[in-house]
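Both complexes below contain subunit A, partnered by subunit B and then by subunit C.
Right, the complex of A and B next:
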């Protein structure tokens, strides 16, 4: 090995995604000497998500967020659709106000990282971190190729595929049941077509979630988000299902969706400008490392398993960013106590538990478990579409609502089970 | 004997993803990320190898818009000791004559130096002029397609091997001299973390403009460039026929493919 780099840092952050960049920005502003190590050529180049971010946590972290950040459209229309071969039933919510926006995560991450750089953090791209440097059970830096870099504390923001954590036995290897596979198209339509076809103003965004046939009735769903001039269309399914249950390649499922009504019409004349896929943590609390801190290190973002999938909306970026922010606060606290021992860094977990991040993770854990059950994604769409079809498509006798519902439920399993699911979805455990 | 080496590089649009405007015949550079000309990385690796053998210093120079700083940081990440970014609006639009003039004048400021190296050519224009033209301005000897060099006779001469298709020739040149390194003749080393941090934290990139170089503005940039692009013929677009063989038998498939090729006038011998 080469002699260690002459420069020593207070904090080394592995990964310049939303979690890493938020930690870097917050720490640099507190006067810490910070280095961020990013595998991609630019920050954000390894990031991919559906398309929507909840804004409030980011506004707390970044000064001037609302004015400066690369926000595409504020989400003011929400549609949830149940899809079967027979048709689609949609629920729509429209509002004049909004707490979330659509964005390109690559641009948003790059913006966050540039804020960290202006605050004084050193950003190094195009480098792979191979290992956490440990001495006497304490993280003291990182290893990259033949280089060692020393830092008082290491923030692991390596993303969902947590190779460093696995290598150091901090977390077990991921199983395909714990992660979902997202595949997404970005299709350029132009502002006018988007506004016309989706009924939006230029500053209004649509978030559309679909379940049922869109994923061959497997847990997960399809999403469509409107950006300024493009639309993000994608699907998310459990990796285990993508591997075993989907009888064809997963991109064909998305391709089918894109070329089926109503999308053929909505996306007509559009050109594909981006195609990507990524894993997301899906197992809720089960995927979280037993401890999110240790001697000399903290784990943040996707690597910490922080993602909430509620079926009708997904949150990840805000949780990741806020965990990075809290990690920075914890590091400051440990610094004032004199050392970065596991004990001194344990305040990170306390801060997370006290914040919306863990409150939300815990509150929705039962919903997340439900999200892995197939019957929701088959039974609900079938019953809803079936009932609606009977209500509106008749020849002479118009059925009563209850009759239609009963008819569509025939042979579709226990009503009691469905009621329980509905209760779980609505109010949690 | 330590060597003082200068390597000249170009910051080019990544032509692997660049398109040509069918109307004007020019490159559409908008939104295309730039990179260090890949063939120049062979020159950088060549310089670093010489530095590894004999010691010394490797300086990279680029005449580019300010965005090339990222590329020079990359080179420092590979092990280049310092970089000079020659940037000024008056240098814009230069052809090879005006470019080589500016490079030669910059190199004069760096003299005494032992060796000035270049990539064989660039991926965005492929002229392979710059090494020869710069040498002419400097009135120094030069050689192209170099694959190997070693010092002979203390530090007065350098023995180089150059490759001409299948033939390798050996020449001895007096120092200082210029050489263009054969493309793909080595594997450029990856960047290291400590060098990248060095690039970020130590001010190793100097910026030179024309206030400093004080060159006659009629000899640089667009004004100093006699080259005219008279016509550009884009490659014709051949519409795809989208034929598909429906079947499973590979022999049948091969036969079918040969028949289709025959229809296009392709003869298989």
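Right, the complex of A and C next:
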């Protein structure tokens, strides 16, 4: 490993994704001697996400964020679509303002890591951390191959596959109930075609969510985000449901989406520039480790299970980055108390609880639970598309709204259950 | 020409191999996925064969074959395996898939 093993750091951070890089940047600016260990060749080269980032938390963390960060387009159009074999019903929201942008995560992570480096953090790439170095129950550094690197405190930002946490029995082995699988195409179309076909100006972005037939009616959904010259098109499926119900290769589900209307027309002439996949935490509070801190260590980002899927939007990068930022603050506080004991680091949990991160995680927990129920993803699209079809496609007698709705609900289950779900979506249980 | 054939001709399906070839790779000489195929005997689910987005797992005459070269490093195989047959780790030295967009 490049920095000599004899060198001891104040903080060792495992992973240079949004959480790790945010922690590194914040700590370096506070004067800590920080090393970030990244398994990829460059920061971001192992990162993948859907395509949208909520900006505000990042603006709080990184100086000059809005001007310098690799932002593709500001999201000014939001579309939510319900899809069945019969057709599509969409709800669209357009606005002159925006709080989120589209981006490439590889580029965003690289930018964050470069900010951390400029602030004085040392970044070491091509290094896979194999274990947390423990002495007398306290984390004192990391192990990579035959090398050991010592640090006073370790920040675990290893991502959704918690290989280190599992090895150290900090978390149990990841189960299919806890994660969803995302697969994604990045398709180059060029700025003009994107603007023309999606009705956008050059700086305006579209975030489009689809549920129903797009995932063979499995819990999850499809998404399309417009970048400057490409679009990100992908699907997300909850693994526990996919294991039971998907009967063909997951790639074919994505290809079916890409080669069916309306995407045939929208993506015509595009060329595939990247195909990737990633797991995302989906179990809300249930996937979080019991404690996000211990003697000499803190857990941040996806490894901490911090992701919110509301069905119509997903946020992960901002939560990850802010948890990294709060971990840095907690380390500073523990340092001022004289040691990185579990007790002194416990302020991290308090900071998370007081911040929007845990408030949001808790507030939306019931919706997240609802998202993993399968009937939502079949019943809602069927009823909405069925009703709309009856309203508009008639020959002689045009139905009243209620008649059309009743007709499309026939044999599709309890109206009471639907009402309950709708209430959960709107206000929680 | 019917509407359907017109749209069909607009967009061709891309084979998984070709989609994987759109990526930048630096494949390791050493595998980072090891499967204990003996544990696969009697597995009725075979989730790895349809949920691995890289298509790394296939059944041939009832026997599980696997490769690691097209691994997208998502970890799905590890999570869905009901037999605990997959030993999965990240490739060493930055090898494997190189996401440029992510």
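Observations on the model:
The rule is simple: the second predicted complex is superposed on the first by the 425 of 429 C-alpha atoms of A that agree within 3 Å, B and C clash if a C-alpha of one lies under 4 Å from a C-alpha of the other, contacts with A are read in each partner's own complex, and residues count from 1 in each chain.
We adopt the following convention: contacts are C-beta pairs under 8 Å (C-beta built on N, C-alpha and C of every residue); 3 or more make two chains touch, one makes a residue touch a chain.
From a predicted model like this one, the values you see are computed outputs, not experimental measurements.
Contacts of A:341 after superposition on the shared chain: neither subunit B nor subunit C is touched.
Once the two complexes are laid over each other on the shared chain, residue contacts for A:161 go to subunit C alone; subunit B is not touched. In the superposition on chain A, no contact is made by A:355 with either subunit B or subunit C.
Applying the stated contact rule after C-alpha superposition, one finds that A:185 touches subunit C and leaves subunit B untouched. Using the contact criterion defined above for the overlaid structures, shared-chain residue A:146 touches subunit B, although it does not reach subunit C.
Of the two partner chains placed around the shared chain by superposition, subunit B is the only one that A:7 touches, whereas subunit C remains out of contact. When the two structures are aligned on the shared chain, A:123 is found in touch with subunit B, with no touch to subunit C.
Of the two partners subunit B and subunit C, it is C that touches the larger number of subunit A residues. Contact with neither subunit B nor subunit C is seen for A:366 once the two complexes are overlaid on the shared chain. In the superposition on the C-alpha atoms of chain A, the part of subunit A touched by subunit B in one complex and by subunit C in the other spans residues 126, 145. Touching subunit A in their complex are the following residues of subunit C: 7-8, 10-14, 16, 18-20, 22-23, 26, 45, 47, 49-55, 72-76, 78-80, 89-94, 96-102. Those residues of subunit B lying in contact with subunit A across their complex are 74, 77, 190-194, 196-197, 200-201.
By the touch rule above, subunit A contacts subunit C in their complex via residues 39-41, 44-49, 104-107, 109, 125-126, 128, 145, 160-161, 163, 174-176, 179, 181, 183, 185-186, 230, 232, 239, 242-243, 246-251, 255, 258-259, 261, 263-265, 267-268, 272-279.
Residues 2, 4-7, 35, 37, 122-124, 126-127, 144-147, 149 of subunit A are the ones touching subunit B in the complex.
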